[in-house]
Each structure stands twice: as C-alpha cells, then as structure tokens.
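In what comes next, chain A is part of two complexes: it sits with chain B in the first one and with chain C in the second one.
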Partner chain A sequence: MAAANQAMPADHEVYSNVVYHRRIVHRRQITFFWLVFPALLWFLAFMLWPLLNMFYISTTHWDGLALPQVSNFPDNFIRLYHDPNIPIALRNTGIHLLFGILGVLPFAFMLGFFLSLHKPGYRILRTIFFSPSLISVAALAMIFLGLYRPAGVLNSFLNTVGLSSLTRVWLGDQSTALGALIAIDIWSGIGFYSVLFFAALTNIPEELYEAAMLDGAGYWTIMWKIAFPLMLDFFGVVVILQFLYILSGAAQIVILLTNGGPGSATLTLGYYLYSQAFLIQRLGYSQAIAIVLFIIGILVILLIRRISSRLSY
Partner chain B sequence: MSIRDSRITQKARNSPDGFVIGGYLFSILYAFLIIIPLYFVVISAFKNNSQIITTPLALPSAFDFNKFLQAQANVNLLRAMLISVAVAIGAEILTLVLVFPAAYAIARMQTRLAAFTEAVFSLGFLIPSLAILMPVYLMTAKAGLLYHPIALVILYPAFSLPLSLVLLTSFMRKLPRELEESAVMDGGNVLQIIFYIFFPICMPGIITVLVLNFINIWNEYLFALILMDSNNRTIQLALALLRANQRTVDYGLIAAGVLISMVPVFIVFIFFQDRIVSGMFTGAIKE
Partner chain C sequence: MNKRRISVTIALFVVTSIIISACGGTPATTAPAATSAPAKPTSAPAEPTSTPVQPVTLTITIWHNWGPDDAKGAPLQSIFKDFMAANPNITIKDEVYVDADIPLKVETASAAKQEPDLVFVQRVGSPQTWTEAGIAIPVNDLIKEWGLDGQFKEAALKEYTLPDGKIQAFPLEGYTWPIWYNTSVFEKAGVPIPTTTDELIADAKAIRAAGDQPIIASGSDGMGLYLFTLVLQSLLPDEEAKKCLGDGEWTLPSCVSAVELFVQLRDAGVFVNNVQGLDFATANTNYFAGNVAMSHFGAWSFADPPKDLLPKIQLGGFPLPAGSPHRAPVIYSSFSAKGIWITPNGGAKMDAVKKFIQFLYKPENLARFVEQAGMTPPLKDVPIDASKLNPLFVQSLTMPVEVAMTPDDFYPPKVQAELGTGKLSQLAFTPGTTAKQILDALTALYEANK
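Here is the complex of A and B:
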C-alpha cells in the first residue's frame, strides 16, 4: 500500500491530467460533430423531416397546394377505417408480398448456391442473372409492355404453340393483371438475390463443405443441411429488402403500366397512396395512408429480424 | 485456382452429378427467360411495327434507325439525357462532399458519438420512399425549386447517403491505424488528413460508391416524376412519356427509347461488375 502511494503523482498533477484528457475528448467530439454535420443535416432535412411532416399532414384536411390546410384530426383515420378501397389495397399488397417474396427466395437461394460452386460458366451466368437489376423501373415497365400487350410476345408465343385459348389482354384482364405485375418482380428478383446469395455463400469456409463431402454428402444435402442453416440470417436480410421494395418501390410499375386497374385489380397500398396524393390531391388523407404503409413496414421488419435471430440460434 | 476448384474436379471425376446437371438446366432456363425480353427489346428498336408483331423474335432484316430519330423528335431524348447526366454529376459530387468527412469521422474517430451517428443514418434504409414523397414535394414547392433539376441535385444525395456511408466506413475501417498517426505527428489537421491521405487511399471505395450512386440516380423515376415537368425531363421520364404520348402503342419507338436509356448503365456494368455486386452485397448486410 505504502509503496503504491509513493508511486502515485501529487493531487494537482492528477487533476491537470484529467482536465487535459477531458479537453482532448471534448475537442475530438467537436471535430467529429463538424465532420458529420453536413451529412447529418442533409439526412435530417430530406429524410427525417419529411417523415415528421407525413405525421403532421395526416392530421389535416387539405385538398391542394393552393387551398387552405385545416386541422381535422382524427377524421382522416376514421375515413381510412371506412374506405372500401383500403381492404382491397391491403389484399392486393398482401398477395404481391406473398408471391413476390415466396416466388423469389427458394429459387434465388438455390441458383446462388449453384453459382457458388464455381462450375464452368458461373461468371457469365452471374452476369446474366444480375442484369435485370440494372434496368430502371421505367424501362422494365416498357419491356414488359411489349410482352403483355394484346399483340405482344406472350400472346404471339401462345398462338404459335397452339394455345390460342390462353391468350388474353394480360394487363387489361382483372384475373391476370396483378399476377403479370408480380411476375416482373419475380423475374428480376430471382436474379438479383441469387447473386447476393452467391456473394454471401462464398464467405462460408471451405472446410465445412469438405468435411461433409468426405462423409459422402452430395451437393443437395450440403445445400440444405450446411449452406441453408448458415444463410438464415441472410434470408432475413433478403426478405426485408424485397419486402420494402414491394411495399413501396413496386408502386412505380403500377403507375407506369396499369394505374391500379382494371377496376381495382392492381390497386396496391403504395399506388393508392400515390393516387390520393398526386392524382386526386387529397393531401391530408394520402398521408394517413402513408402512415399505414410506414407502420406496416416497421412492424414487419421488426418481426422478420426477431424471427431470423431466433432461428439462427 | 483455389481449393474449391480442386475439390470439385475430384467430385466430378467420381460421377456425373445429378445436382450439377439440374443446376445447369435450371440456370440456363432462367438465363433464357432473362435474355428473351431483353433481346426482344433490342431488335424491336430496329424494326417497323408490323414486323414487331408478326415476327417478334426474328432478327431485323435491315437496320432501320428511324425509330431513334422519331423518339428524339417525339420527346427530345438527347436533352433528357443531358439533364440526367447533369443531375448525376451534381448529385455525385455533393454526395461525396457530404459523405466523405462523415465516413472518416465515424470510421476513424474514437468517440461514443460514432456508433450513435451511424445508427441514425442506418434508419435511412427503413424509410419507404413513398412515405416521404408528398412531404418532399411540398418542401420543394415551398423552396421554389419545383420543376428545376437543381431540386434533384439537392435531393438525391440524401437518398445516396446511407449506402455511401456504409460502403466508405467499412472501407476505411480496414485501413491501418498508423495512417493518421504519422500525419498527426507531422502537424496535419483533420481536413488535411482527410483530403491528402484518406481521399487518395480510399479511391477504390469511392469508385464503388460513385458507380452505385450513378446507377441509382440514372434509374430514379418516382421523385423525378413528381418534381420535374415537361421542360426538364430526366431520361426515365422521357422514356415513360414515349408510351403516354401516343394513342396506339408504337412499340418500336418505345424500344428505341428503352435501348438508349439503358446504354450508360450497361457500359458502367461492363467495367465495374465486381464492384457493383460487392457494393450491393455490403450494403445489404449492413442494412
């Protein structure tokens, strides 16, 4: 004890060291602040501030920029509850999510696993699989317009193979319009996520596969017994990405191709929000729909995170 | 090349693997499903409308560039491309100016604020663009920037921020500590360290960020749709308008527009494929 005391510095020295250290930390924090400030400002101004505005606007009655904005809480939310279009939009969005995710996941995983075996030709396959992800929604819509329109490739193909009875106006038929839009997302989604799975799978240590191979396991067993369990976390990531895209981004294809029709066959929540805001100019009500969309988004993401972290244990 | 290759050749010698055959069949089938629509669009751009309908998948008999000229006359594709290029350049520079110092601070400065700031930015991945579409429109109108491309130059960096930050911070974290230590001893301040040391060293990361942001900006449709008007169309708006402007579908015209609009992105893809894939992967797992 006594020896230790002797080695200790005098009180005032300790004090000045602490002050000096605090000053360094303080200065560092100020520098830190100024370095992140511009980016933070941008982010707050154009992402979080609009989000707060969404909540505010949803509590008002407002039928156009030039018209007065009157507070009317909770009328927009009551209207939401009684609006017959909301159940339709929720149903269509649900169908879109279900098929848009389930139609992509298993195929993307299996193709990604196949690519990760580095068989001859995997590089060219990877390039082809990835290319739909580079196409803008506008171009995507225009490409598929050429396939789906009455005189399009799909009907022409069906006529050629003698299945004329199956031809139809794909985007103009109540029973096929939503499916046709979902097919576009599946078409490009499988490729994009298979390449992401490929990238994730190449991080698995080789020894794991080798050990299984020595035990006589084939690729099929390795894929489901080794790669799949290791990819559970990544499945969660992929589901979240695809979920957010379909919930929000996919509305663009509806804007470009069907405008929610025919009837209300492709009226999704995202498109309904867009049309209320920009076509009918019910600004207040549109933001009440936006809140529904936002809350569904947050809840489902939390749910997926919870499930995938449970499963990976 | 690697251990994996040797393992596979061993296995291949043993037996023709059903899994591999199935994998190839499945892959090639899907590859065809991707290529056919793309091929259809490319050849349609050079054909007249009756050929497009009667023989949709046949090669054009002669290369007819009429549709490109018509598309140009119709919606002024070249002007739209110039606007898109200008917006992309402006937004790219602004993104980099905003994000680079922030990435340095978060990756290299040891303070408790770093983790918090990073978390704030990663919220950006969770905000659906549709939710902020209307409020952003109102802000732009209030600022008097509606229908002016400057609005997009200011706005797009906000959308590019989360991904750019993730990519640059993860790149900077891999660099050795000694980098700035030696500079500090030489008496350099933070801005000098960032500009003279980190900027050149981070060039590979910066290129990835620039490439990914370019693709996203070039392809962006929704915000351009509500913020621009007929005098200032981006390429994506011009493309969509090719269809809206006509009563009956002139598909050759549309195909010519699609083809032109995709050229810049596919050129970038040819040169930077690996960066694009690895960048998107890093972005996905950090989300």
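Here is the complex of A and C:
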C-alpha cells in the first residue's frame, strides 16, 4: 500500500502534468492552424468566394461586363419560374442524363471487367479504349460533324447499304439531334470509364474469381454477382463523375454542334446557362440558372452516395 | 519544448520573409550595375545640345476580322503599310479575330482596361451598347474636328446614331444583300428568272426536274435566318415587319401570313434538299460548284465566285408574293457590316488615332476596298476606277429591286443574339415544321427575352 502510495503522484504533480499536456495540445493546435492557414486562405479566396459570388450575382440585373450591376432580387428567380425554356431544358437534361449514364457505365464496366481478366492483347485494347479521351472536344465535334452532316459518313453509309429511307440531317432534325449528341458522349465515355473500372477491378483478389469458377460460375455471373457488388462504392463515384460531366460539361458539344437547336431540341440546362451568360449577356439570370444546376448537383450526389453506401459491402 | 518554439519561430520568419519579399515587387536590378559603373568625372564636357530629340513612337492596336482570306484584308494591309510609311513614329499593330468573337473579347479586355485602341466590328448586338457602357467614345465631335463632316452618306451616319443623338462609331462597310441567280441553271431548266413566288415555285420544279437544285441557304446558322426574314418581308411593309421582328407580335394576322408564306414555299421545294443542315461555308461551296440556281449572299461574297461562274450570275431581289406591298423584288442593304469604334485607350492617344482615321477615310484609300473587294463605301464621293470594279458590284448598283429594312435595325438585342445561333432558322427550314410551330417558337423566344 505504502509502495503504491509512493508510486502515485501528488495532487500538485497531477495538476502540473495536466497543465503541461494542455499546453502541448494548445501549441499543437496553434501550429496546426498555421500550417493549414495557407490552404484555408486559398480555399476561401478561390473556392468559397466565387461560389458565394455566384449567389450574389444571381440577385442582380447585370447585362454585360461593362454595365453596372443593380440588385433586383428576387426578379431572376421569378423569371426562372416563368421561363418556358426551363422545363424544356430540364427535360432534355434529364434525357441526356438518363441515356448518358445508362448508355455508358454498364458497358464501360463490362469492358473494364474484360480488361481486368488480362486476356491476351488487353494492353492494346486498353489503349484503344482510352484513346477517345485524348481527343479534344473541338476535334471530337469536327469528327462527328463529318459523320452527321447531310452528305456525311453516316448518310453515305446508309445510302450504300440500301437504307436511304433512314438518312437524316442528324443534327438538324428535331427528332434526332439530341440522340446524336448523346451518342457522342456514349462513344467517348465508354472507353474512358472502362479504363477507370479496369484500374479498380484489379484490386479484387483473383482467388475470388477462381473459387467461383470452381463452383461452376461463368464470366457473366462472376462479373455481375461478384465483381459488381464489390465495386458498388466505386461505381457510385463513377456515376457521380458522369452525372456532373453531363450536367455541366456536356454543354461544350451542344455549343459546338447545335447551339441548343433545332428550335430547342438540344437545349440543356448547361447550354442555357452558357447562352444566357455569353450570348444574351444576361449575367444575373445566368447565375440563377447556375444555382439550379448547383442544387440539382448536390441533391443527386447525396442521393447517389446514399444509395451506393447502402448497397455496397 | 524550446526546440519546438525555435522551429515555429523560424517557420514564421521564413513565411513572413516570403510574403514580404513577394509584396515588395521587383528589386532594383540596376543598382549593382550603377554602383559598379565608374563614376563620371564631374568635369566631363556636357553632351552636345544639338542632338535631335527622337519623336515618341506610338502604337495603335486594332482588332478586326479582315484577315488574309477576306477580300478586304489585302487593301487594309496596304493602307496600314502606307500609313506607317507616311507616319514613321506611329506603328499599327493589328490582330485578326472571328467577327462574332470580337465583342466579348473587347468587353473583357475593357474590364481590365486593356482593350485595343480601335475596333473594326459589325454594328450588330452588344457593340451598340458600348457608348453607353463607356467602352467606346462617341464620335460626333471628332467627325467635325477631323474634317469628315458632310462626307459620310446620310444613311450611313443615321444607322450609327443612337437614340440620344450620339454617333457610336465611324461607318466603314456598307453592303447590299441580294439574291444571286445562276442564269445557266435557269437556261438548262428552260425557265425565266422569277419575279413572283408563283413563278419561283414553278421554276423550282423545273430546276429539280433538270437535275439541279433551287435556292441554297445556310439553314443551320444565323445567316440563314436573313433569308427567312427576307421571305417574310417580301409580304410585309417595313412598319408591319417591325411589329413582327421588332416587337414580337407574332399573333398578328400579317405576321402569321408571312410565316405561312415561308412554309408554303419551303414545302413546295424551293430550297435545296437538307437545307436545314447547311452552314454558310457549305452553302457557299455548293453554290459556287454551279448546280444550284439561287443563293442569298451579301456584297462581302462578290469577290468569291470562280471566274467561270461570275458571268453567269445575275443579281436581283427575292420574288414577290401576291398581295405584296413592294413594287419590285426585295433585298437588304445596310451599313452595319463594319464600323470603327474608338475605345478609351484609343482616346488616350487621340492625335495618332486622328491621323490614322483621316488617312483611312481619304476617298482614294476607301476606293481600294471598293475596287478590290466590292465594298459599298460610307462616303458620298469615292473616286473609283470603273475598269477595276468587281462586275457583281457594278450589277448591284443598278438592280431593279426595292430595299427592305434590315431586321438588325429592329431586333431587340437579346433576341438578335439568340437568333444568331441559328436554332430558329434550323427549325424554320426543316421540312414538315408547321407555321404554328415556328410562330410558337418565335413567340417563346421573344417572351423569354422581354
């Protein structure tokens, strides 16, 4: 007992130890703050401030960089509510998202799985699949302009094989223009995402596949019953990437090929935002549209994260 | 503990030093050289005072779109060259951009006060707001002070005069925008050049039967829209056209009838196949190949036709429908193709700018554009060597036509910007699109841009 008492520090010693440790923690916190301060400053200046500015601009009437900004809240949002183009843009964006995600990711996953099996020639195939991603958007637009134009490759092919009745002015026809643009995204997206899936699928131990094969499972079963469930979390991330690309980035192809036309057949939210900002020079209203895109983006990302985290192992 | 304190102190010192050095600007690099240089003896003789003072060299920066591929590019460069030879202390630095890109480039550069001194751009869209926005200087007084008063055509100056009376820019390029008829295609089909829309429909059938195509247009871009509006205006007097195209009153019976006329002509096959998919460049190429009967190109294309096609082209207006208020086929004609805006940066070197503008607007210099590129000059008297004139330009001076007001003069600016994308013309030129669909799209477009 006496020995135990000797080992126990006195109260004042305990107090001084606690104070000492608190000081250390405090100093570490200060040091930590100074170390993250530059990054924090960077984030505030270049990330948060422009974002807040977007909300501010959306409350103003601003018809050109050189013209004055006048506060007009909530006029831009009232306009947004009554704008007949918004429902059209939402519908077209929805169609683009639906086919742009469903038309790309399952096939990209299958290609990625095939590559991950390391069959002979997979390295060459991997390079071929990825090559569309190396083409700039302007070059991509030119390729497909040559394909889709009235006397282009597609119509010439259809004429050659006796399917002249199917020829169209693909980008000028209201019934085919949006589909023609989605096809470009599918063509350029499948290869890119297949390489991403391939990289992720290589982390799955081969023993799992071998065990399944011993139990009589074929590649199709292994792909969808073993690899896919294990990749659900990653799949969710890829869905988010493709979703964000279509929501905002896919407007590039619309700008280059159709300008939202014919009529409003390819008018998407991303393009509408661009046209209001840079063609019509209605800068305040364009940022109100940007807020709609921002909110849709956040909500859908949260939804995808929730679904993928619930389903993943 | 002490070590930590020291290390934190050193880290803070380093960071502070970096920040201070970054804020301190460029160190005076000349200092060491100055100290190492031998000091001049104070008794050294003074420099001779008779050395002539070198004049200050000024640079005038000009943004324009008259590059080497444009017929006006060569005369413009020759004027730059002659001006610099006559004014060795002034250098012209010109940068060539796509015409449609220039306004936004100027506006962003202006926000940073780095805009060019002079901008050559069309009087369409946002440049018309530049005077109000302070991007350009009104030129009313400059026209008088620089001796150009009374030299400009009244129509040209009127187009560049804002509602408040300010003249926003110097008019430079005028144009006529007629219909081009390839007479050999009409001869092959055995039909005359049409003066009415009924004749046009009959001609189109005959031309197709002969294996050629009737009217080509760039149905997929903003240029094609001018043919759409010209067809509408063949049935409308200017004041009615203003109600449709300017005020967006597309439910008026006259506006509806005009759109129905266009649909009737389109569905009768007066336009080439797949016209809704053609852009301006493709339409040009196809027309100059010689198998298309008609096109709608402006004076800016007068220098473009191949030599064998040139004598076959007859210029005229768009045929008139029954009930038209016009007495002769209609065309567009305007001075909106190019004006010269002076920016605040240009205003800061006004003497040099004055010399250049006076040089450019010398009648004999403007004559170079007329003779080499068939440009309609903005001045009343330009001495022209008739033997050098483009034959199409000569034709355009005596066409039996009536001029309809260009829609650019009454489009609301934001509607004009959106129409320029071509999505409306694409809709209008697509076979099967009804008049109601076009009218609804136009109504929605005007409503959205009120």
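Assume the second predicted complex is superposed on the first by the 265 of 313 C-alpha atoms of A that agree within 3 Å, B and C clash if a C-alpha of one lies under 4 Å from a C-alpha of the other, contacts with A are read in each partner's own complex, and residues count from 1 in each chain.
Heads up, the rule we're going with is that contacts are C-beta pairs under 8 Å (C-beta built on N, C-alpha and C of every residue); 3 or more make two chains touch, one makes a residue touch a chain.
All values derive from a computational prediction rather than experimental measurement.
**Student:** For A:F278, is the partner it touches chain B (first), chain C (second), both, or none of the two (neither)?
**Tutor:** both
**Student:** Does chain C touch more residues of chain A than chain B does, or is it the other way round?
**Tutor:** When the residues of chain A touched by each partner are counted, B comes out ahead.
**Student:** So in the superposed three-chain picture, is A:L311 touching just chain B, just chain C, both, or none of them (first/second/both/neither)?
**Tutor:** neither
**Student:** Once the shared chain is lined up, is A:M213 touching chain B (first), chain C (second), both, or neither of them?
**Tutor:** first
**Student:** With the two complexes superposed on chain A, say which partner A:F114 touches: chain B (first), chain C (second), both, or neither.
**Tutor:** It touches chain B, and chain C stays clear.
**Student:** Regarding the shared-chain residue A:L134, is it in contact with chain B (first), chain C (second), both, or neither?
**Tutor:** Only chain B is touched by A:L134; chain C is not.
**Student:** In the overlaid three-chain picture, which partner chain does A:V169 touch, first (chain B) or second (chain C), both, or neither?
**Tutor:** It touches chain C, and chain B stays clear.
**Student:** Could you tell me if A:V25 is touching chain B, chain C, both of them or neither one (first, second, both, neither)?
**Tutor:** first
**Student:** Quick check on the superposed pair: does A:R149 touch chain B, chain C, both, or neither? Answer first, second, both or neither.
**Tutor:** both
**Student:** Figure out whether A:N259 sits in contact with chain B (first) or chain C (second), or with both, or with neither.
**Tutor:** Touch status of A:N259: second partner only.
**Student:** Need the overlap of the two footprints on chain A, from chain B and from chain C, as residue ranges.
**Tutor:** On chain A, the residues that contact chain B in one structure and chain C in the other are 31, 65, 149, 278.
**Student:** In the complex, go through chain A and note every residue touching chain B.
**Tutor:** It comes out as residues 25, 28-29, 31-33, 35-36, 38-40, 42-43, 45-51, 53-54, 57, 65, 107, 110-111, 114-115, 117-119, 121, 125-139, 141-147, 149, 151-153, 156, 187, 190-191, 195-196, 199-200, 206, 209-210, 213, 218-220, 223, 234, 237-238, 240-241, 244, 247-249, 251-252, 255-256, 270, 273-274, 277-278, 283, 286-287, 290-291, 293-294, 297-298, 301.
**Student:** If you look only at chain A, which of its residues touch chain C in the complex?
**Tutor:** Residue list for chain A touching chain C: 27, 31, 34, 63-67, 83-85, 149-150, 169-174, 258-264, 267, 275, 278-282.
**Student:** Please give the residue numbers of chain C that touch chain A in the complex, ascending.
**Tutor:** Within the complex, chain C contacts chain A at residues 4, 8, 11-12, 104, 107-108, 110-111, 126, 129-130, 132-135, 219-220, 273-274, 276-278, 282, 414, 417-418, 420-424, 426-427, 429-430, 433, 437, 441, 444, 447-449.
**Student:** Using the touch definition up top, name the residues of chain B that touch chain A in the complex.
**Tutor:** Going by the criterion above, the answer is residues 2-5, 7-8, 11, 17, 19-20, 23-24, 26-27, 30-31, 33-38, 40-41, 44, 52-53, 56-57, 97-99, 101-102, 104-106, 109-111, 113-114, 117, 120-121, 123-124, 126-139, 141, 154-155, 157-159, 161-162, 165, 190, 194, 215, 218-222, 225-226, 236-237, 239-240, 242-243, 249, 251, 254-255, 257-258, 261-262, 265-266, 269, 273, 276-278, 280-281, 284-285, 287.
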